[in-house]
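Structures for review follow.
Shared between the two complexes below is subunit A, which pairs with subunit B and subunit C, respectively.
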Partner chain A sequence: MVQDFAQPILNGILLGGLYAVVGIGMAMIFGIMRITNLAHGDLMVLASYLSLVIISGLGINPFVTLVIAIPVMFFVGLIVQSALINRVLKKGNEPPLLVTFGLSIIIQNALLLIFTPDAKMLMNSLSTKSIFLTNYLSVPVIYLVDFIIAVALILVFNQFYQKTYLGRAIRAASDDEGAAELVGINTRRIYGIAMGIAMVTAAIAGVLVGMTFTFYPFTGTQYLIIAFGVIVIGGLNSLLGVLVGGVILGLAQLIGAEFVGTGYQLLVGYIILLLVLVVRPQGIFAKN
Partner chain B sequence: MTTANIILQVDNVDIYYGDFQAIRNVSFQVPERSIISIIGSNGAGKSTLLKAIAGLLKPYSGKIIFKGKDITGLMANKIVAEGISLVPEGRRIFPRMTVYENLIIGSYTPKARRKNKELLNKVFELFPVLKEKSQQIASNLSGGQQQMLAIGRALMSDPELIIFDEISLGLAPLIVKEIYQKISEINREGTTVVLVEQDVRRSLKASEFSYVMRGGEIVLTGKSSALEEEDVKVAYFGL
Partner chain C sequence: MGIKAKMVVLLGLVLSCLLLLWGCGTQNKGSGASNSGQTSARPERDYILIGRPNPTTGPIAGFGEGSPWVEERLLEEVNKDGGIYIQELGKKLPVKIKVVDTESDPTKAAEVATKLILEDKVDLMLVMHTPATVNPVSAIAERYQVPCIALDAPVEAWLTGGPYQWSYLAFWTTDAVADVFVGMWDEIAGDTNKIIGGLWANDADGKTFSESVAKKISAKGYKMVDPGKIPANTKDFTASINKFRQENVEILAGNMVAPDFATAWRQFHQQGFIPKMATIGRAILFPTDVAALGGDLPMGLTTEVWWSPYHPFKSSITGETAQELCDAWTQATGKQWTAPLGFKHAGIEIAVDVLKRAQSLDKNKIREAIAQTKLDTMVGPIKYNEKHYAETPVVGGQWVKGEKWPWELKIVYNKEHPEIPKTGELLFPINK
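And now, the complex of A and B:
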């Protein structure tokens, strides 16, 4: 019994790290601008394809493609925010939502047009390796790498938010936009940079997801729901919450898969998400 | 008003909210290093006027000149850099940030950022309680302390002109008294002060010159010491 569950628990925790990276950028944008970026998952998958193109052109390791993918995605975020979302920011809740929804459809169909609906993966030597702990328990190396990068990313983000002027300016703008303007913060520019940073996390998530699983032009929707789940479960108050939210979602999926079969593991994750929405809509770790 | 240098000059400003004209042809001047007050009841247009000066609103017509430079229609974040700081009504501190972070973000402009340590020490000298509580989350402070924090944050931008919007609203009289003492201290250090208040008596007492607003217009002006409280009240209510 213990042996049956040890592996899914371990995998669930590690997978949770990857989910946290998927969710962190969306949590950021929601926290700062109260916008649900429905294109977050697709932008992440866009980064996966970007990495794929770089690999096929240069023949380099997927991790190294981040050197190009990160700055490119930063500028994609900057442009999406300044050219599209900033224009509708003051027009109520629905227009930004519709803009990101439209963006989502455009990205999905553009990817379909260019890359065909075939499954792709970012080939790497890690995804097939495992470290055997006992006869019954092994650590998939790529999951471990995902988790370590997630924790590192969250630590770096935490320092960035707590210690730098830019990080504090982002928090100030999210607390009170008008007051932030009054201390000299150009909130529009800050929103652009924030979306750029969110897309940096999407680039990292896209490469990790692409190295861990196969992806298609429409995979973004699936990761959008995962990101949404991470935010709902973890709440928006802390970066640690995002990590814990990811881990809970990962655990729910993989332990659920033990009971009802792997075909239903996504469903189990969604059920947990619904439960949290009903019981504690402010998130498990929210203070109020 | 004639000999001193004018630091802020508002000329024939009109402001509309849609079709509604909130400010009608308002002009006034603020001499350097003075304390002036703008008095008026709720809806007299005081806050609208302040928003225009601070860059949160664009006037429909008219000019706002600060230190000889036309700042009409500049964005708020640019106006702070020019040297005008607004302590907004309702304090508007950043509730989830610590006291220290609230202050340090106040010196966001490049000019202020270079001397943020010096500015921080000055604020801590003025409000020792903020130093004591510097690591606390701002929303945990009392109302009076939050008001001090809002003032401290405004001072962190190293302003030449500081505007206080309804600073005594919702505070105990003793705290209000203390805060007004601090304001005259800030003024003595060389910062020009604009007070915006509903409290007629306190405004007249604290300022050198007063403007009374009603219905979006300035209806009475004069040296605060020469204005009779009764006259001001008549102008204030339009009786």
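And now, the complex of A and C:
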């Protein structure tokens, strides 16, 4: 009995780490600008393809491609924010949403044009390796890597927002745009940088997801749904909440599958999401 | 969180669900709107127009790849000497094809088919690639009474939209594929405990397949372990693997989309549970999907083969063999062959044959000509039955390391269709 549940629980927690990496960038943008970035999943898959291109050009390890992918995605974020989203920011909640919706469709179809509909994967030796603890319990290495990076990422960004000037400026702009401008913060620029940082997390998520799963030009949307689940459970503006949200979603799915049946795996995750929305709509870790 | 913020999240969720559902629809029953059944008269034009809805973009774009390359290439041959002689008009007319993108969406497929009929006034509809494309287009063709030649959608799924007056389908039945699956297992069953683990997608295909297979194996002493149908985009299969391990499964059977199977198969390896045989429908049809599994994971996977360069068929128009068509494709694109190529070719073959026999562009006469089709095509002999379908052969294949390509599909089972030669022996077990 214990044996039966050990593996799902372990995998659920580790998978939750990956879910958290997927959600973190979206949570940041929502926390800072109150914008739901519907293109987040697609920007993430864009980073997967970017990494793929670098790998096929240079033949390096997927992790090393981050050296190039991170700065590129940072600038993609910066440009998306300053050229598109900043322009409609003052026009209410819906226009930025629609801009990101349009962006999502454009990215999907651009990827299709360039890369064809074929399945892609960031080849690596980790994706099928496992550390066997007992005959029945093993730790999938790639899941473990995903999880460690998730925790590290969240710790780093937590410190960044607490300790650095830029981090504080971003929080200030988020808390009170007018007051932040009064003390000399260029909020538009700050938003651009914030989106750039969110895209840095998307780059990391894209590479991890690309190493863990197969991807296609249209894969982004399913990660958007995961990101939604994670940030709604965890709290829309809490980084720690994102990690916890990811783990709860992962655990709910895997334990749900073990208890109720594989067919209900995803459903159980979303039922937990609904429960959180009913009981604590701001999310488990959100600050009021 | 304020009300406004909540509204944004809600709106976001709704929009993203829309995005997700974009390509997930299964079939369109013909959107019940006004049904005049009338198409205005054929415009005066000096060519024959075929409408060809194709999933060029979207989740099933892998099937649509190769169009219009295959079609244009063949029509060039047809039109070389001026096209097809139509007695009724007393002259030769070239054949043109208009390929339009369905975006892998059944609703969009119905929409583009309607446009092809009402605006382009096509003489004939030619549609293929999965029920998501074929079913809605057949429904529209029925409504506007336009002859429709359909290929590449499992017969059972297509028949749910029938009975048909104007549409004709050529493809295999789910039942025949189940025969191939069980036939392959029968060959190695003596070396297994005959316990089958089912990895079935929670969709129309997954359900019909699991039922067909379950029906066939019960009398033969197999046992099926079914942990539950798998929803699309499942990211973890630990529960299924656990169940299979407990029940000591030695044969894996399944029918699911490629990305989900890739996730599953990787996790089977991560968790050190590899069955002696794995036979999976739908997910491992295309070499790119197989290669994307990574490492040695594709080794020995078995699946259904609906067409290959080794099929002993040739074009009724050019005499080109299956092998030659695949070679031409590889030369033009640098890519490995895929089964839809043969069907794209056969579609044009049937259309041209029908037009030649109809000797008219009258829709009724074209329809009658389709019904009387008796043609040896690139995908085998086509002769429609009273339910408007013709079964094309299906055999069993296995992915092994190749010489020219990283992974090549060998034909290892042909009991129902010995005319299609085996090109390899079944590799068993795969978990050594």
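Assume the second predicted complex is superposed on the first by the 278 of 288 C-alpha atoms of A that agree within 3 Å, B and C clash if a C-alpha of one lies under 4 Å from a C-alpha of the other, contacts with A are read in each partner's own complex, and residues count from 1 in each chain.
The definition used in the following text is that a contact is a pair of C-beta atoms (placed from the backbone, for glycine too) under 8 Å apart; a residue touches a chain by one contact, two chains touch by 3 or more.
None of these values were measured; they are calculated from a predicted model.
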Partner chain in contact with A:Asn186 - subunit B first, subunit C second, else both or neither: first
Greater residue coverage of subunit A in the superposed arrangement, subunit B or subunit C: C
First, second, both or neither for A:Arg34, with subunit B first and subunit C second: second
Which superposed partner A:Phe218 touches (first subunit B, second subunit C, both, neither): second
Shared subunit A surface residues [contacts with subunit B and with subunit C]: none
Subunit B - residues contacting subunit A, complex: 54-56, 75-77, 80-81, 85-86, 88, 92-97, 101, 104-106, 108-109, 112-113, 153-154, 156-157
Subunit C-facing residues of subunit A, complex: 4, 7-8, 11-12, 15, 30, 34-36, 38, 93-94, 97, 101, 104, 109, 112, 116-121, 123-125, 127-130, 132, 136, 138, 140-143, 213-216, 218-219, 221-222, 224-226, 228, 232, 236, 250, 253-254, 257-258, 261-267, 281-283, 286
Subunit C to subunit A touching residues, read off their complex: 1, 4-9, 11-13, 15-17, 19-20, 22-23, 57-59, 61-62, 64-65, 202, 227-231, 233-242, 245-246, 258-259, 262-263, 266-267, 269-272, 286, 288-289, 291-295, 297
Footprint of subunit B on subunit A - complex, ascending: 165, 168-169, 171-172, 175-176, 178-187
